[in-house]
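All chains are identified by letter, namely A, B, C, D and E, in their written order; residue positions are counted from 1 within each chain.
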Amino acid sequence: MNRMWRLFRIIVLRDLLLAFRRRTEILMSLFFFVIVVSLFPLGIGVEQQILFHIAPGVVWVAALLSSMLVLERLFAADYADGTLEQMLLTSQPLSIVVMAKVCAHWLLTGLPLVLISPLVALQYRLGEGQVLPMMWSLLLGTPALSMIGAIGAALTLGLRGGGVLLSLLILPLYIPVLVYGAGAIAAAATNAPQQAYYMLLGALTVLSMALGPWATSAALKFSLE
Amino acid sequence: MNRMWRLFRIIVLRDLLLAFRRRTEILMSLFFFVIVVSLFPLGIGVEQQILFHIAPGVVWVAALLSSMLVLERLFAADYADGTLEQMLLTSQPLSIVVMAKVCAHWLLTGLPLVLISPLVALQYRLGEGQVLPMMWSLLLGTPALSMIGAIGAALTLGLRGGGVLLSLLILPLYIPVLVYGAGAIAAAATNAPQQAYYMLLGALTVLSMALGPWATSAALKFSLE
Amino acid sequence: MGINWFRYASPASFYPLAGKTIPWFVASAVLLAIGGLYWGFFETPNVLSDQKQYYRIIFVHVPAAWMSMWLYVVMAGWSLVGLVFNTRLSFMVAAATAPTGAIFTFLALWTGAFWGKTSWGTWWDWDPRMTSELILLFLYIGYMALQSAIDDVRRADRASAVLAMVGLFTIPLIYYSVNCPDPNQCASLHQRSSMKSIESNILWAMLTMTLAFWLYSFAVILKRVRNIILEREKYTEWVNELPEIRSQQVRS
Amino acid sequence: MADAVLQAENLTCIRGDRRLFSDLSVCVRSGELLYLQGANGVGKTTLLRALCGLLYPDEGQISWNGKPIREDGEEFFDHLLYIGHQSAVKSELTPLENLRVSCALGGLYPEDGMLWLALERVGLRGFEDLPVRMLSQGQQRRVSLARLFVNNALLWVLDEPFNALDADAVVVLQEVISSHIDQSGLVVLTTHQEVMLTSAGVRHLRLG
Amino acid sequence: MADAVLQAENLTCIRGDRRLFSDLSVCVRSGELLYLQGANGVGKTTLLRALCGLLYPDEGQISWNGKPIREDGEEFFDHLLYIGHQSAVKSELTPLENLRVSCALGGLYPEDGMLWLALERVGLRGFEDLPVRMLSQGQQRRVSLARLFVNNALLWVLDEPFNALDADAVVVLQEVISSHIDQSGLVVLTTHQEVMLTSAGVRHLRLG
């Protein structure tokens, strides 16, 4: 147990360190989110009423896309330089490595979105009652995005055109998260109860955490043969 | 002149061949477009009136994103394996190479969007009068996306976290294309004249084609030093 | 014979020159800012009193907005000079300008949003002016992000210079497109500049503030250039002979 | 160290349409070095990867101390150190950080002092804190080879370790390999360069 | 072939904080081979890239037939063939397609027969139509070296060309290099392996 935990920790730290060395990467998935969210009003025109209606959908679609964009690189770099081979040759279960990498990914891409989302509320003139639901739904839903994404990333590893193939595979799996996440924010607009949405989002996250690492490590093993 | 044209042709053919060999890549930017477009109704709910209003914006934002997604790899593979170095050492101007690669990129990502867009019109229940304007605006605007994107791809070449940095750099530059492209479709909805939009889109494309290759080859040279 | 401008284009001679002028810029910026704010706050009439006293934010808001755009032009200009004449100093000035420009952009956005909250009751609206200011902020951030993502100084300079110039080309396009999403209408509407309709008293206070901001920018940018010079030339002899560096070395 | 044995029986590997080798049996024991030779493309890398368990042979069985490596992965991996063509080194991290991570993957958490020592042994003194990206090709290779100086694996599997190294580094590497064998370790390696391995237990296997 | 000369005067290269070399002057003429030697990380690759114009030296000047290569890039590049660490080979394309593209980049559009011949010379017969991804490391390296058999460049700049090659391939390569020099070509190369270059005009330059 202790050895697993140490390995977990060192891999999380390594991934965070890599992200900090790359400097931009930490802020970038955030900026991508902000920019995508800001693009829509430009394309759609700025009728207040419409913006208000589409806000939940836009926030969640932007979250999906920005989580996905970085996902592609979740294992790719380690695969290209042979580190992943070394990870396979560890005596610890591969799931530990997977969980550590997913955890780092969420810290770098999910958490920042949660924190920046109030700004979106300003841009789209959401009511004050919608800000907290937006943050909650993102907090509960984004870990599922990272975990589901990891499965896709492992499956498409090393395939040429993997990035787009990846989106093709995982976007459908993201749909429940999108529907419930956007649903929670939309419910808050009419003061409807949101608890059911939160529970569903939480359930999705727990479920993905339970099955994801196993599926991902299996996929990684196949990809490396 | 003849030598330039031969080089141009062989590079376009090579890039197309590579894309066909990678099989997935050709269809993927298309699928990404379709999926993003289809996600919105899920996040937003399907009130006919709203869908109708946001369709032009959604189509163009999806086009931007799907063009951008593959863009990241425009020079990356050639950079990683040293082919780009060889391209720099050609006695022909580097702009030829750049134009050839941009041309191939458009054929693989821009053109398919133009052809698939009528499907979107169905999904969002656009009127028949909007289908042709949508195709025209995409046909006129997407080459500018490819060319502007190439500048960004060259600037961020080989930088870690380049993909997201790339989006940060070029999404703002895409805005005029987005505004006029979506504007043309929206104008068609009210039977307003769309010619001014087409001319502006065409002008953007011509302008980017005139300046883009120069900026891109300069950026490539700096990146490779 | 004129002045040999290229002499001052070398970091070694620019460094002390900048050091001497910075205090003057700081002093005059402070004086002008105090003067301009005093004028704006106490000597201008309550013309817009229906907007309550909040309108006085204009003395920060508009100069900040002007500076944010002007500094982008300055930055792109130095980038061009750098690319054409291959002078290291121009790249340093361009790099030093970006953070100040970004700060003014942010200031304009923030004061505008604040103003909007008090007078329109909303923090944000997709008004063209605001939108293009927001995009300008993205451009600045992109410029700085690109620069910090590249470790090789030479490449960082040149790549971000290309970006600045591409941005300069597109800013008018962006402004025009956002301002006028429907070209069929804009063609007939002429752009209204509020400059003429504004009371000259207010205008003068605004101009004073603009000048103050400008001098402030000079001071900060020069300071930043000096730091960049020290950072980049730390292995050259002249830097090691500077009194401030010497004393540091002795201490450590 | 205990007496260990890596045994491969009746291996067959088919890549694409080509049968690289069939019915190949080899056995390496403590204190022995297996030196794989053969022209480009005969299947040396393929064999090494199969021996590590990174690739399933089409037929045959590989066992470590009598137990098939597939069944008993964890114990086998604890004793294995594989350095392949690819360097498994992150170009943004420094040599020190890289070495720390690769040790952790091997289940080791040595003190920094030992890591510094290992880097010094491979001639990277003064480069410990530069991002690997800024090193030359040979220096990057040395970073991954530094693992040979901090590990407690019994079995080393090395795929062309001398590539891109200069003459001095080759000598250092030969020494550490020899001393590993002398301490009754096991080594499987392949290289196209002429090497002088002084220890007794060198066995040659020529493929193709 | 005409008499040609590549001249570098007072080169200084600084990478990061380190001054790799300063005031280095070299000159290579038709019929000469310049053999760069030196330990890992002394700056051989850096010098080669500078000589090709891929990298600006911090000081100094490089000229081809008396004209600075920067000013007269096009003519110089027509006479140059550079093969670096990186193979410049696409793993999805076959060796034949790769060779065709790299010839086109060098301004040549030879017939397929010549390309087949070149591939045969580097020992890739039977592998012409496999994606490069399915080749072994040494075979991939051979694909990029096939360019040496189809080109009309005067100046060859080769960065560790013998890496990963087996003994036979090394011999073939040494022959083609020798014969290029005998036909009054120019070669600049670096390698850590012992090489036997039989032609007369071999000059050594030791860096570091």
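Following the convention adopted for this analysis, a contact is a pair of C-beta atoms (placed from the backbone, for glycine too) under 8 Å apart; a residue touches a chain by one contact, two chains touch by 3 or more.
Everything quoted here is computed from the prediction, not taken from an experiment.
K.L.:
Looking at the contacts, which chains touch chain A and chain E alike?
P.N.:
A chain counts here if it touches both chain A and chain E, which gives B, D.
K.L.:
Could you tell me which chains make contact with chain B and chain E both?
P.N.:
none
K.L.:
Compute the centre of every chain as the mean of its C-alpha atoms, then state which one is farthest from the centre of chain A.
P.N.:
Centre of mass proxy via C-alpha means gives E as farthest from chain A.
K.L.:
Among all other chains, pick the one whose mean CA position is farthest from the mean CA position of chain D.
P.N.:
When every chain centre is compared against chain D, the largest gap points to C.
K.L.:
When B-C is set beside A-C, which has more C-beta pairs in contact?
P.N.:
B-C
K.L.:
Please work out the Cα centroid separation of chain A and chain B, and write it as a whole number of Å.
P.N.:
Comparing mean C-alpha positions, chain B is 25 Å from chain A.
K.L.:
Centroid of chain A to centroid of chain C, CA atoms only: how many Å?
P.N.:
36
K.L.:
Chain C to chain D: how many Å between their CA centres?
P.N.:
Taking the average C-alpha coordinate of chain C and of chain D, the gap between them is 57 Å.
K.L.:
Centroid of chain B to centroid of chain D, CA atoms only: how many Å?
P.N.:
Centre separation, chain B to chain D: 46 Å.
K.L.:
Can you list the chain D residues in contact with two or more other chains?
P.N.:
Those would be 85, 92, 131.
K.L.:
Hey, what residues on chain B touch two or more of the other chains?
P.N.:
As it turns out, chain B has residues touching two or more other chains at 21-22, 159-161, 165, 168, 171-172, 175, 179, 225.
K.L.:
If I count partner chains per residue in chain C, which residues reach a count of at least 2?
P.N.:
138, 141, 145, 149, 154, 178, 181
K.L.:
Using the touch definition from the top, list the residues of chain D that touch chain A in their complex.
P.N.:
52-56, 73-75, 77-78, 80, 82, 84-93, 97, 100-102, 104-107, 109, 131
K.L.:
Residue numbers of chain D touching chain E in their complex, please.
P.N.:
Those in contact with chain E are residues 15-16, 38-41, 43-45, 85, 123, 127, 130, 134-139, 141-142, 160, 163-170, 192-194.
K.L.:
Over in the complex, which chain B residues touch chain E? Could you list them?
P.N.:
Spelled out, the residues of chain B in touch with chain E are 3, 6-7, 10-11, 14, 17-18, 21-22, 77, 80-83, 85-92, 224-225.
K.L.:
Report the residues of chain B in contact with chain A in the complex, numbered from low to high.
P.N.:
Checking each residue of chain B against chain A gives 19, 21-25, 28-29, 31-32, 35-36, 39-40, 42-45, 47, 50, 53-54, 56-58, 60-61, 64-65, 69-70, 72-73, 159-161, 163-165, 167-168, 171-172, 175, 178-179, 182, 186.
K.L.:
Which positions of chain C touch chain B when the two form their complex?
P.N.:
These residues of chain C touch chain B: 83, 135, 138-139, 141-142, 145-146, 149-150, 152, 154-155, 158-159, 162-163, 165-167, 169-170, 173-174, 176-178, 181-184, 187.
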